[in-house]
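Structure provided below as structure tokens; questions to follow.
Labels run A, B, C and D following the written order; every chain starts at residue 1.
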Amino acid sequence: MKLRLDKKDFHSFLRGLMVHYELFAPVQLGEGVSVYKKIGDPSEVALLPSNPQKPAKEVFFPQSETMFRYGKVGVQTEVTSTEKVERKRILLGPRPCDLKAVSLLDSVFAGKDYRDVYYVNKRNATTVIGMACDQPLSTCFCSSMDGGPFFREGSDLFLIDLGEAYLVEVLTEKGKAIETNEFLKEADTNDLELAREIEQKATKKAETSLSLEGIEGRLDRMVESPFWDQVGEKCIGCRICTYLCPTCHCFDIVDEDLNGKGERVRHWDSCLSSLYSQETSGHNPRPTNRERTRQRLMHKFNYFPKNVGRIACVGCGRCVLYCPADSDIRETIKEIQKFKCQSSNAK
Amino acid sequence: MIQERLRQKAKELLESKAVDLIVGFGEGSLPLRATPIFIRNPQEVNRLIWNSFCGHNLSTYLHKLKSLKVGLVVKGCDSRSAVALLLEKRFKADQLFLIGVPCQRMVDRRRVKRAVQGEILRVSAQGDELIVEGEDFKTTLNRKDFLYPSCQVCVHRMPLRADVLLGKPVEEFSLLETHPEIEEFLGKTPEERWDYFERETGRCIRCYACREACPMCYCTECFVDSSNPQWMEKGLSPSDLEFYHIVRAYHQTGRCSGCGACERACPMEIRLTYLTQKLNEDVKELFGFETGVVGDAFAPLSTYDMGDKQEFIK
Amino acid sequence: MVNGIEIGWEPKILAFLCNWCSYAGADLAGTSRIQYPPNIRVIRVPCSGRINPLFILKALQGGIDGVLVSGCHPGDCHYLSGNYVGRRKSATLKRFLEYLGLEEGRVQFSWVSAAEGGKFSQVVQEVIQDIKKLGPEKRFVKK
Amino acid sequence: MNNPYLSIPMMVKKAYTETTDRMLRTLELIFQKEEDKKAFGFIPGQFCELSLFGKGEAPLGIASSPTENGSLKFTINRAGRVTTALHHIEEGEEIGVRGPLGNGYPINLFKGHNLLVVGGGFAFTTLRSLIAYLLEPQNRSGVKEVTLIYGARMPGLLLYKKELQEWSERDDMKVVVTVDVGDQNWKGKVGLVPNVLEETAPSSEDTYAVVCGPPVMIRFTLPKLKALQFPDERIYTSLERRMKCGIGKCGRCNIGHLYVCKDGPVFSLEQLNKLPREG
């Protein structure tokens, strides 16, 4: 089903949705700086031409999330979990890369062994209105990661910006609940034609030639390679690439306490932090940037594929854009791919 | 040309084994950027570059290179950080060979980005001009209008200490009487100032890039990570974010060279140098001290003077 | 409510007193029966130079409305120079916090000797007065 | 849906210090709810996250045997915030327990074979669970010969002394207890665990070896086992890593594609050889 939503009606459309749903969408915190947040009024929504700094994973897996509250009742401790999601939710505006990443996170948090209720409840309660990426950047490499600027997986509804209006594609049963909205009209052939053109143009623009073939196997042989000294040398050990990565999902669990009453909270954590794997004794199995940067890359391109069968990188380019040492994961991948030739020649 | 001399010097140093490696700037993979590079092989010196985008303060890498003899490419601010680190006995002076480069001041890529519509794909600098190109635009910008905030108020463009100085000395700026941004900020009411601080730090995602980019942040355990005592929580509450940023900045009192690495590293574009610049100004006014300017002066908070001001004490 | 401050509100003030002078001064105020209001909570520290700015910030974040740091007069330090070093930290910290927008007077400093029971009481009263005027610390406290 | 981050309440029935350095303390916990007691089934080698509200959680191997019904035993080394607090908890107080977590020792694999247990220091906890389990009359016939080599730095640091005594008096197992440095009252063996192992030279014939101890002990013990011709697939060890969630999500105990908390903590040497060497 393909519908048309005039931009002049956009705020009214959102206001209508907000009667039934909590709305999460990009909000601008400063010039050029935005994040996904819960919306109080449609005017806060800022659908910018490129990705917000923080990825959409934050809506399902917040950077800082209370898991339960506790308090003493007599000698016993009463625990109240905050896992329940009270209202249905809409996530508006994530691009295909962020949504592909969410599907990867699904395999972690909603996978076969243990289901993470906090994530799963939010995920189940949420209808996703994805957004076509009509202006991919030179740092994007989604098309090399089995995605693309118009990749629709993960969206219940999919918006394509036509200039004056959005073309709204209804893709799932969940999305159908919204198609009856009064501001959605049937799209005409011009709209469809225009959308097709935009899609073709963007898809062409996003073409990249980064090859990932055989990377998992190559990394298997590279664990002890001096290559990682080189990668780790430049890293300053901040957490930008992991916090801004739409697929990274490490976390820490801590208690925040005041006089016997408090909360257990989980915060994002990062394998690039020196303290992340440090044990209480002071021993650290990943003592330097060499092991830590290796962990990050191995996890994305070797461990994750081993466990789930998919690479845990979607090519959004955030780590390329925001690395304070201007490390470029694409360059690193290329070097890993080159590594194969050297080692096979040597053998 | 500086770049040529830089490569030549690096080659000399590596070939004569005067240093184990050169830490310098290389071509970044994106326009408007350079990237830190580590060169051990004299054949690779041609990867070294010098241009308007060499903003990193490379002395932040020194902590990890403790067992080596390092040839470090430094600007004015970077050399001051290196001197401050020597003062704090982070390494021995003979471990370090400072390759000083007079700084033409660095271009703030975010300012340039804001000046144009669309993605920047190519940039070239010619004298005072920046030629910026994208898919469907090409503009010429005046370099001077797009400097980093920290570079705009920089007074020591020449490395104050260097084992070799490349290029002709540039004119030093006269000492600014006041810092315009600080002046402006002080013109606001305390409430407005706090609101600004809260708004800026409110964007913080606690990636600690400001800390990691800073050459002076080298504690093995940062106060923010300490669990015993636990000074603060690790979440995103405004108070905790403010706590972190107050103490991160305050820990730089009398140690900050004003290089602006903290601010440049921040992915959320939080203004940070207006904090450290103020501390620098206070330290100068109260104790007559500037970080890394006089090599053997005591760090101001590790010493005292009988005559220090105390009108604020009851 | 008067000037946005609730009637009957009493400020909580934390005083870091150096063991050798100010704490003894406070003790003297007590044994001499010199009165001062009970808004103050005392933490004894070995020296005013021992004050880590984190102590002050942690107190304010935890709901303290005002902080007083008090040590020996210049020249009297038990450790010879602790209060001089502390003085530099105090000067820079006070300026910095006020620059950020914390109200002037939230964090105060004094020299009180072991013989100055009267001065201690007076300083405490002044600090309480100042903080009462400022009202509860709302900017930095963790809500 | 079941929330894997919530703990069940248990009560501290008994708490006592184990060692003379007072760094090790054992807590015996009893279930507060009948349904929790019923639902809690585990195998030796598994661990739990002990939860103290306001302090956090600490992963600890279960020291009691599944056959010791109705209660769980943990021996806690005082190291960080949570474990220090666990040293201060008193009898009658409540504590949260999340688990059992991890895989545990491959008991079914051991069936019908000999078993060599090598332990050092306070890593002995889950080994105690394993031995206590196997010595139960209904399980004893499951394995053939059982040999235990256990060492500590000093006599005062040996865990579960009473049980060690009982076990050594049994005729269906061989017990060798050693200390690195003895004292005037110590009449037993003096020597490092790897050396005592070499000296004892148990046969590797039809035998599985389970090794648990400080990293340095493991490092020197493995070559000795190899010299005794234990194959890698018959050497098992329990890994220590920093853990938080205990269910393979939070990421910090990740080694290669495995998570120590979920896929371990018990691994065979054969498995470990295939993983990136992170020490």
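One rule holds for everything that comes next: a residue touches a chain if its C-beta (ideal position, glycine included) is under 8 Å from a C-beta of that chain, and two chains touch if they have at least 3 such contacts.
Owing to the predicted nature of the structure, the values given are computational and were not obtained by experimental measurement.
Trainee: Which chain is the middle one, judged by CA centres?
Mentor: Nearest to the common C-alpha centre lies chain A.
Trainee: Please tell me the distance, in whole Å, between the geometric centres of chain B and chain C computed from their C-alpha atoms.
Mentor: One centre to the other, that is 36 Å.
Trainee: Can you give the whole-Å distance between the Cα centres of chain A and chain C?
Mentor: Between these chains, centre-to-centre, one finds 48 Å.
Trainee: In whole angstrom, what separates the CA-based centres of chain A and chain D?
Mentor: Centres of chain A and chain D (C-alpha means) sit 39 Å apart.
Trainee: Could you please state the distance in Å, as a whole number, between where the Cα atoms of chain B are centred and where those of chain D are centred?
Mentor: Here chain B and chain D have centroids separated by 50 Å.
Trainee: Would you mind listing the residues of chain A that make contact with two or more other chains?
Mentor: If we look for residues of chain A contacting two or more partner chains, we find 252, 254.
Trainee: Please give all chain pairs that are in touch with each other.
Mentor: Pairs satisfying the touch definition: A-B, A-D, B-C, B-D.
Trainee: Touching chain B in the complex: which residues of chain D?
Mentor: Of all residues in chain D, those touching chain B are 80-81.
Trainee: How about chain A: which of its residues touch chain B in the complex?
Mentor: It is residues 29-33, 53-54, 63-64, 135, 137-139, 230, 233-234, 236-240, 243-244, 252, 254, 256, 265, 267, 270, 273, 275, 288-289, 320-322, 324-328, 330-331 of chain A that touch chain B.
Trainee: Name, in rising order, each residue of chain B that touches chain D in their complex.
Mentor: 227-228, 230
Trainee: If we count contacts the way the header does, which residues on chain A are in touch with chain D in the complex?
Mentor: The touching residues are 67-68, 70, 75-77, 79, 81, 83, 108-109, 113-118, 120-121, 223-224, 249-255, 257, 260, 262, 264, 266, 269, 271, 276-281, 283, 285-286, 291, 294-295, 298-299, 302-304, 306-307.
Trainee: With touch defined as at the start, can you tell me which chain B residues reach chain A in the complex?
Mentor: Where chain B meets chain A, its residues are 28-30, 33-38, 56, 60-61, 64, 110, 113-114, 119, 121, 202-203, 205-209, 211-213, 221, 225, 233-236, 264-265, 267-269.
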